[in-house]
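Chain lettering (A, B, C, D and E) follows the sequence in which the chains are written, and residue indices restart at 1 in each chain.
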Amino acid sequence: MQEAMISKAKQLLADGTVTRVIGWKKGEFAYDITPAIFESSEEIDRDFVYDDFTSTNVSKYLVKESKKEGKILAFLKPCDTYSLNQLTKEHRVDRDNIYVVGIPSDGKLDIEKIKAKGITGITGVERDGETLKISTVYGDETMSVADVMSNKCISCKSKKHVTYDELIGEDGEVITSDRFDMVEKLENMTSEERYNFWRGELSKCIRCNACRNVCPACTCENCVFNNPDSGVENKAAADSFEENMFHIIRAFHVAGRCTDCGECSRVCPQNIPLHLLNRKFIKDINSLYGEYQAGADTTTKAPLNDYTTEDCEASIVHERGVE
Amino acid sequence: MLKISVEKIDELFKAIAEKQTLYIPTDREDGASEYKKYEDGMKLSGNLNTLRSAKDFFFPQTENLADFKMEGKKIEVIDIREEAEDFVVFGVRACDARSFTILDKVFLSDPVDSYYKNRRDHGTIVTMACTKPAETCFCQTFGIDPTEPEGDVACWSDGESIFFKANTEKGQAFVDSVSGLLEDGDTTKLDETKAKTKEIMGKLPLANLSTEAFGGDKLMEHFKSEKWAELSESCLGCGTCTFVCPTCQCYDIKDFNTGNGIKRFRCWDSCMYSDFTKMAHGNIRNSQLERFRQRFMHKLVYFPSNNNGEFGCVGCGRCMSKCPISMNIVKVMKALEVK
Amino acid sequence: MNAIDTLIPHIGVVTDIRQDTPDVKTFRVNAIQPDGTASGKVFEHMPGQCAMLSIPGVGEGMFSITSSPTNNEFMEFSIKKCGCLTSWLHAMEVGQQITIRGPYGNNFPVETELKGKDLLFIAGGIGLAPLRSVINYVRDNRENYGDVQIIYGSRSKDDLVDYQEIINEWEADPNIQVNLTIDREQEGWDGHVGFVPNYVKELNPSLSKTVLICGPPIMIKFTLAGLKELGFTETQVYTTMELRMKCAVGKCGRCNIGDKYVCKDGPVFRFDQLDELPDEY
Amino acid sequence: MQKIGVFVCHCGTNIAATVDVKAVAEALSHEAGVVISQEYQYMCSEAGQNLVKDAIKEHGLTGVVICSCSPRMHENTFRKAAAAAGLNPYLVEIANIREQCSWIHKDIATATEKAIILGKAAIAKVHLNTPLVAGESPVAKRALVIGGGIAGIQTALDIAEAGFEVDIVEKEATIGGKMAQIDKTFPTLDCAACILTPKMVEASQNEKITIHSYSEVSAVKGFIGNFTATIKKKRRFVDETKCTGCGACTEVCPMQKVPNAFNLGLNNRGAVYIPFAQAVPKVATIDANYCLKLRKGDVNEKVCGKCAAACTVGAINYHQQDEYIEQKYGAIVVATGFNPIKLDKYDEFAYNQCPDVVTSLELERLMNAAGPNGGTLLRPSDKTHPHKIVFVQCVGSRCDDSKGKPYCSKICCMYTAKHAMLIREKYPDTEVYVFYIDVRTPGKNFDEFYRRAVEQYNVHYIKGMVGKVTPKADGTIDVQASDLLSNEQLHIDADMVVLATAIEPDKTARPLATMLTTQMDTNDFFTEAHAKLRPVESATAGIFLSGACQGPKDIPETVAQASAAASKAIGLLVKDSITCNPCVAHSNELMCNGCSACEKVCPYGAITYQDKEFRTPYRTTVMRRVASVNPAVCQGCGACTVACPSGAMDLNGFSNSQIMAEVDAICK
Amino acid sequence: MQVNDNKEFQPLIVAFCCNWCSYAGADLSGTNRLNYPTNVKIIRVPCSCRVNPMFILRAFQRGADGVILCGCHPGDCHYTSGNYFTRRRMTLLFSMLDFLGIERDRTRVEWVSAAEGAKFAATMNEFTEAVKKLGPNRRLEDLRCRKQ
């Protein structure tokens, strides 16, 4: 796949279709891949990479990049295309200035999961089908790919590209996943248990803003949490309330807009399952207002900007689930 | 050397915790480890290092500076500072141990930060030598020997026993206070462990990372480097690197109106944040490039310039594993050292 | 705990407010004595040094102390309205208490390098505020310095800060030469009209002078260029930088430029020192 | 520093009996910024108001808090008083300590405590109040009426009568609409043409009215008082100013097989045509889809051209192009009317198979003297006289499936009674059956009319459903139905079947609603601003609703609504300018993402976007899409402020910081 | 939190009322002298859709024990559609608060028309009682704002 992408990128650069390419760049180790913008074939030959660790969703970079002079080629995985569509819908990107090449993804790996197995001193990772061979300064290890698949890929919702100018490989289908299982599990807990669960998780938050800054739905010119006039500005949680507030407001602001790309949880240095907050909203929206997938198209009204006269009352919250 | 057998470590912890608050690195559910206040039954983490650094003990993420009461045109300042209680931080690695030296240079230089000093005076740091460094480790680049950690008390494990050596007066007092549990031990096996670790250190991918190209005298050369644009292009401007960093110490001072008074507190801030230098008259670092450059220039050039060549990084590798887009100081150093 | 920490402020009380220009007010601040009366200074300082003023809950900001250290009765701050805190300060009434901490930063080297020198002060707009402290310090120790010339300009006559003091005291002082200018012709103004940089060139000051300059960045830039044309060197020119800081003690990291902290190593710099710093100010 | 005056009202004993007003005034006097705190017997009295006015002047107050009755009672009173004393009226806040405190609580201590808190909240808010000035926006003295049916004509006539210019835009070649196609009207049975055509002529002759027939509205911009509409005059290949309507061209046209739309395709006409004899404007139109010359593509080719040759005034112009007119309007009236629904989905009624199954509107044409049969009722198939006619009610109305409409079309019961009666009167030998679900005849003289049909004219009304209509080989039609009252299955051998087809809004209504940013219901009827109190206004200011575009209506109702809409429009047009509510939303461009969330929730279409250039700190510029709120259109609901994730959108008078300050004060 | 003489817990209830229906309804319950507890403090907003989730969180932060939102009945909104947006927003917000383990009875939306003075009073009585049962808000409070 990497080779096909490289030759496609070089071709589109050469024929003038695009002036820049956004993709991923090799790092120091086998896994520390950085999103990067390439402007020449030489750079691409030297650094371009697409492998098991290129999980970053590069859509958000297109907010800035698409406003620059010259078209940019973006390699987007199926899930990334949902983000791009959502950004297009919200006029945050100039879609005409982006050339999207859809690329398939059979799931990315989570280095944290590998390390959590006690593996350290990693000098190389090699994939052989469903087995992963990891060389370390302490000797070699093997493990199953499925064991270290990143969470966002385990609960993959779609292998289908919802927007592209060109595809490499076959397009996939929207798939049904068990992504709401954990939400449901929490819903079935008692209020007290849920409270304790979330206190445990959210109290880990260090307010590094990685979740916000990586989120393709969080592209505000000026985030309310940075705006002294908003009344909720804060930089660090000085109280547990502020930990809660940041995540509630953030989830609410992306409700109906979050495509469930999973980046927030992926980047959280404290491993807080932030995506569960977004998924809770998605699940509620689906069950209360009809199935809705943000980013599936660029025209449908977002559920929170829409209504029907027959919508359920807020009291439904009091009537269902576990107290 | 004084030692205690690994099996008896819980007894040691209990004994310490009886006298003062003890913090040890312990594993949480998700496998990561963090410092927690010791309670009976708590297990010492086997991980190389904690997710958050040990700087929190002396420079917490938020802390109250003063309270104010306002009435009419009058203001009353309330000094809320209290003498800290004695505490012990056990299991600090060599890299984090060095970070205190760096933080001391900032907070204990004139004018002394009393909040930091208060905790520093009352905290005893017990370090623990590394035996299984990770690929992200590059403390040796900054002259740190993970097998010979600093700290008030240094500890080593040879798998069977934990050895103790006091480095400071405070450390000696600590060792004396638990000496009843310690016995003299043979260090043959420990020396082997150390040697083995040193060997691994030599094999680590970043073993040859050098600081030669950096330091206070390289200020303009690096500042003007064209590499910053490429290095910073995918930076998200989040504060992850800053907040997991054991040496980052930038902070903000804010007021919070509780409805019954004003609390002035300080909290960690990050030079990577877009509003870090934003003031009423404007912002001096408007682009992520400038902000990104500031962070690394500070660690690699500005700080050494003001501190006799000492760098503002201890090579703990936290930023390497936690950056959402895997950009880090090592990549910056490697890019900049190429002429 | 009784260790003194500079982050914990003192209380000052505003005892006089003077509207200098439409957007600049000068506040007189006194310390509160144990008996509750307001008199004297909260702390001593040197010319060019600053203080952090704050209204808790509103914000804290660094301001030059515009009164001279030789004034033993009070401190003064000339403050331009430009943000949330300054708006609040402008809305204050006499008797309002504020918090104050300092002094911070370095000062103009009035007791060392400047001693015995001919001095030329060049200021634009609110830029006079930090220089006023030096000017009055020099006037009160007149015997220690050579010629003193002040070139001061503003948009209009109404925007000249401390105008009353300038005409009543400085212009009346036979030992000081004062040159005022405003940007555009204005009724009731028979003085010089024109921008400060041009006026400086017109006046062609003697190269023997040491220059202290403060004003808007664009004015400083052109004036410096003009001075160089006249033959001045950068080592002869001092300026004081804008005050963008939080802790004021060189720790919070905000005013860090290169290896300098403006709050601690500055705000007063000689131009040759600034050359060694990244262009981030 | 704020200088706030607090005035606590006793309201006689209404407040003072349960709230210790002196204590309230005393407590509030210590709040930050309060320079005067007084109490008085009756604040709203002249003496009370003077107290406020004097304090404003004496203390130079920057804000006023009145602790009194509900703001719904006296907010305006105190605002006026403040304005009279030179204080911006929007710097006054009311703490409701009567309706929401003294009247509902009994315990003096707790009521007083609450009153103090409410006062503190008002003080906290007033600290953040900003002076607001109601903007003014000029009104263009011209109205646009979209649709030239009876609704549009009546509205236009009324507006013109009041002295304002009106333009009627009609998409067909003539005005008149559906009423022109109708034969007789219920319940008086007078001839529709006789009452309509004079109105059409009146409209065409009124100096204030301009009729744009064969035209459509292609764009509308602007807002109340200041709309700009683009009207597309479709090319009719006839110069309207020259054509005399003599009809010579229509006679010579060799292409005579064009289905006559006016007669619903029941007969044919020429490619060049005048819809009907009394058409207004009486001008010929060439149907380019059928004209032999125009279909060729190249009009310069020597094909046909007979009409041009026959025209003595040289009005035929094969080169004519669409014309676009841009015009400013102060008010817009929508009168797009209705159409019978298509019956494609109703195979059971054999409408598509059998020509003798007709819709009621078709029956109107069949019975009309100007219709295809010159007024003699003949079967379309064989032009014979029908002896048995079955009427089927509610075809597509009151449906709970997706085939039809959920609503009652309202007019069918009455026009069917009319049809039945007319047929029975003219052709006593014809038997008439009406199958109905129930007969709805509310209206003046309506039920009497229906009863006459049953009792006097012996129309057979059968409560029941028609299951299937089957054309038979002998030319008759088998109507299979159930009689719900006798509970038996019926078969009727009918000669004709008439379907009372549901009516629906015209297809042009939806795109028009988008253009006008007005709301529609799920059936595409325009939604009125308030179902009861503002039935002829749309929620978008300056846009009014006339006739069946708002819901099914008969002629008198339509005319009544048309006049009502006209009077609303006139009420607007007589003003030179409109005063805007200053408590409107506004967007901070520096924070706006241009994401359109606010626009999506705005019920008034008050928000538009533009690409705007912004300076960056690096002396370059960047284009950004940003929202702007039209204060003349915004009504100040605040929906946008919550939809906006960045907080760029805020509401004057109820800003985020004001409400939060109130929350803080209450929770302190 | 207010403490009265018999030391029974007195919750603080913040009620956001839309200007056109519910605020008028509240006025009407006053006019009709229908009692409800002083615990309830009303904030007037133009429409229920003006209420930002931030306001609700703010109230809890500052010490409110319950927050209730009142607006026109669906279909009766003065601005035609505001309360429909409110309904969706609040349903989702309350569901999220519930998900985080915040007691669900601390929040409520109620439609009260200008004529329903009795309903307003009854609702406030009921809601206050419900919150009273829950006790002080501890899960979503800011300790810094807690009253001594």
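Convention: a contact is a pair of C-beta atoms (placed from the backbone, for glycine too) under 8 Å apart; a residue touches a chain by one contact, two chains touch by 3 or more.
For clarity, every value in this text was computed on a predicted model and none was experimentally measured.
Shared contact partners of chain A and chain E, listed by label: B, D.
Common neighbours of chain B and chain C, by the contact definition above: D. Ranked by separation of Cα centres from chain C, the top chain is D. In terms of C-beta pairs in contact, the better-connected of the chain pairs B-E and D-E is D-E. The distance from the centre of chain C to the centre of chain E, each centre being the mean of the chain's C-alpha atoms, comes to 53 Å.
Measuring from the averaged C-alpha position of chain A to that of chain B gives a distance of 30 Å. Taking each chain's centre as the average of its CA atoms, chain C and chain D sit 66 Å apart.
Annotation for chain A: residues 224, 230-231, 238, 304-306 touch two or more other chains.
Across the assembly, chain B contributes residues 70, 252, 256-257, 259-260, 269 that each touch 2 or more other chains. Residue positions 53-54, 58, 62-63, 75, 81, 85, 89, 142, 144-145 of chain E each touch two or more of the other chains.
Pairs of chains in mutual contact: A-B, A-D, A-E, B-C, B-D, B-E, C-D, D-E. On the chain E side of its complex with chain A, the touching residues are 53-54, 57-58, 60-61, 74-75, 81, 84-85, 87-105, 107-109, 139-144. Per the touch definition, chain B reaches chain E in the complex via residues 256, 258-260, 263. Looking at the complex, you find that chain B touches chain A at residues 30-32, 48, 51-52, 61-62, 132-136, 200, 203-206, 230, 233-234, 236-240, 242-244, 252, 254, 256, 265, 267-270, 273-275, 320-322, 324-328, 330-331, 334.
Across the interface of their complex, chain B is touched by residues 30, 32, 616-618, 664, 667-668 of chain D. Remark: chain A residues 27-29, 31-37, 56, 61, 111-112, 115-116, 120-123, 136-138, 206-210, 212-214, 226, 234-238, 263, 266-267, 269-271 touch chain B in the complex.
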